[in-house]
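Listed below are the structures to be examined.
What follows is chain A paired twice: with chain B in the first complex and chain C in the second.
Let's turn to the complex of A and B:
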């Protein structure tokens, strides 16, 4: 059953996944190219100095990329379910409805995290050749909230799309904007360090929101 | 014997608008029951309640003896659901959709029933559902239900968007399938001629209530259209044994379950100035219009 659910989600999201993978990996690669160009112009020592004294991250063009990928993936995955109320078919299958919805979300999260891990892989493959491990770790910790924002945007966009009424969707969008802004409050590197474990737990807890929308859908709420 | 579907005292409102109050009905095993009603009488509301996608304001609905809002998920193996407009996953093709559904019905899935119907469509197995016509999509939806092989089928407006050929094909397949397998079917449709070919029992709904629930044969044997000549401008008041009496020119038309002689007695009792009273046997569509009125 789980395999079948993943199969359906894969059919919906595979093109989006490949495009997201190519675009995000391309952007991570482009950041590395830019850093390499700076190294050849000014030397690695200068970059280390700028990173330490001026809090430069050099990969900040990636800041909003996970956020956008999360939203697009949620739209591609869940908009077809709401088209002509197709979700009724999904929820009518002989499988626990909670298991169904959370498996769908798990399928989406798997693709999203794969995309993000490949991004980190590209950065990790290249950055240690230019920067010392302390700075690489600093970049990683600084970029981590952006990727958590990607997960949050995916879960919150899913919540919004699965909501059956436009009135509540507007309320959900407003709440989501406030929640997402938490991930971009502090621009300084490593600003979230002490808060990161809590932020991670809080992000993955957003998964329960979609069940609220599905419950409202099941009870027949409509505009 | 416990009915397959049992709805007791259903009441539902949309906002402050009452759809119906204390609606009760049963569907016995092995019967094909059609829910007939004008737009806005609550047919889709009833289907939504039955399929678990609408909580009624009050009342209870049971399928296979189990409350629909607390029934175990495995029970849905035996309930086939056709959504209005033959909605199916548009992003899948013919093969993918069969592969997906079959995983949920191990031990009961009849692959041949689905592919048998698909062969008739003469479309490629890789044909996307989104690129199919309404008629082709209806066959995909029907094929999936037949392959699921459920004990109960709930079909919402199965004829919507279908041309006469596909409607006939759908009705013939469904009738054959239901009678051969002693399946119970609960359905709605806007096209009543199709229902006449298909259903055993009917429920005719009017705004807020059920007008009648009975076997179609009994309905068609009992109801008559009565016409007679009458003085122009006469406004008939015939009582509750006559449905929707109307006068056009000098001709009165009404519908009733009474026999011809009983109608004559009633008309005479009320001093109706009529002449040349005629009784006619009618089909389901005329019976529906007779009972619910033209407006």
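Let's turn to the complex of A and C:
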């Protein structure tokens, strides 16, 4: 049954996944191309200098990409369920409701993390040719909260979409905006280093919020 | 599961409330406070306090009021350009013949804030050529980093290690008694500076070293420290008068000046903790005015410019704007970490 759930989610989200993969990898690749262009125009030394003395990251254009991808994936995966009332059918299947809901979320998270891992792969494959390991770590560690924000946005968007009433949806959206803003407070590169382990755990714990919405849906809450 | 979900949501809402409500309260109740501009006048023998509220008032610590022209004359090194423009610049100050150019050469400003210290360093540094063939300094074509047992110079053009230069500098550092890896590395990577004092390094054993690249070769000098003094922060200064190599603060919160010959002099600043307090020094050829910004007050120290001994001190309390609550960022550092 779980295999079937994963397959159903794959059918629903595969096009979104491929587009997200192309867009995020393309953005990462474009950042690398821009860096190479700058190297050919001004020399690698200028980039090192700017990275060290002015805290430049050169991959800033990726900042809100994971956030948007997370929201879009959640919308593509869960909005049809709610609109076509498919969730009701899913919850009546002969399988644990928790297992099914969390399998659906796990399927979405797997696709999202695949996108993000490919992104980091592109960065790690190209940046060490230009920058020393210290700066490559600096760039990727600084970008890590953006990708955590992508995971958080997916989980919180799922929570909002699965919520059956608009009144609570507005409350959930308000909470989500404040939570997501925590991932974008960085006043400097690597600002989150000591907070990252806790933020990562918290981000993945947000998966349980969807169960509140599903519980409310099961208890018949509606507008 | 439902209870666990509700606990996570409750913690999230509580954290947001603890974060935003104090912020909103502080935002709504914030009152404007303008810190007075305080400078020591060796001519007057007292601090001159310029307060800009609704009206500008200028007075000393005894309450004697001054007008703008009087303050210009009492602080001739600060308002030198105004005095020259008015034709009021004196021939001599405190019995010493001075020219405006001399004043320009010896005036300097120095600033350190906790945010300059509390941040994650890139771990990559630049060492300029201290004896360049041209007058202007140029950014070097390599950068350096420290590993646990050596210094490595990296060619920026191809991101490769310059083994010969790395070995030469590592050998010289070891010969001079440097213990790897360093605790602190202070440089000034600004190519617009007039000359280069190299880097100040605090090694693993708490010793202070000056590292320069002179004619492509390493120059390493150990700065002798008094017994029991362990430096915690170092600052390279490249002021126009070339009298100093830099400053350093020690773990006992004392503050020292490193003279250009490598000798050190303790200043009359009572305490300074660079991790939590800001320091601003406005120096001239006669005296230094040092402002230490603490959490509840600004402390001012007037120091003699020759031996840095304390002439006078002043404390001005600041209204507290502290509102208890959860915060993720701080004016004291560049980290994001939740704290109360």
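Simple rule for what comes next: the second predicted complex is superposed on the first by the 221 of 223 C-alpha atoms of A that agree within 3 Å, B and C clash if a C-alpha of one lies under 4 Å from a C-alpha of the other, contacts with A are read in each partner's own complex, and residues count from 1 in each chain.
Operating definition for what follows: a residue touches a chain if its C-beta (ideal position, glycine included) is under 8 Å from a C-beta of that chain, and two chains touch if they have at least 3 such contacts.
These numbers were taken from a predicted model, which means no experiment stands behind them.
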| item | value |
| --- | --- |
| Clash or fit, chain B versus chain C on superposed chain A | fit |
| Touched partner set for A:83, first chain B, second chain C, both or neither | first |
| First, second, both or neither for A:92, with chain B first and chain C second | first |
| Which of chain B and chain C A:117 touches, first, second, both or neither | neither |
| First (chain B), second (chain C), both or neither touched by A:205 | second |
| Which superposed partner A:190 touches (first chain B, second chain C, both, neither) | second |
| Apex chain A: angle to the C-alpha centres of chain B and chain C, given in degrees as a multiple of 10 | 150 |
| First, second, both or neither for A:49, with chain B first and chain C second | second |
| Touched partner set for A:220, first chain B, second chain C, both or neither | first |
| Chain B versus chain C as contact partner of A:22, first or second or both or neither | neither |
| Chain B versus chain C, judged by how many residues of chain A each one touches | C |
| Smallest distance from any CA atom of chain C to any CA atom of chain B, in Å, after fitting | 14 |
| On chain A, positions contacted by chain B and by chain C | none |
| List of chain C residues in touch with chain A within their complex | 1-2, 4-6, 8-9, 12-13, 16, 19-20, 119-120, 122-126, 139, 141, 143, 145, 154, 156-159, 189-190, 328-329, 334-338 |
| Residue numbers on chain B that touch chain A, as the complex places them | 48, 51-55, 73-77, 79, 81, 83, 85, 87-92, 96, 99-101, 103-105 |
| Chain C-touching residues of chain A, taken from the complex the two chains share | 43-45, 48-49, 51-53, 98, 128-132, 134-135, 138, 145, 175, 178-179, 182, 185-195, 205-206, 208-209, 211-212, 215 |
| Residue ranges of chain A in contact with chain B within the complex | 1, 3-4, 7-8, 11-12, 80, 83-86, 88-89, 91-97, 217-220 |
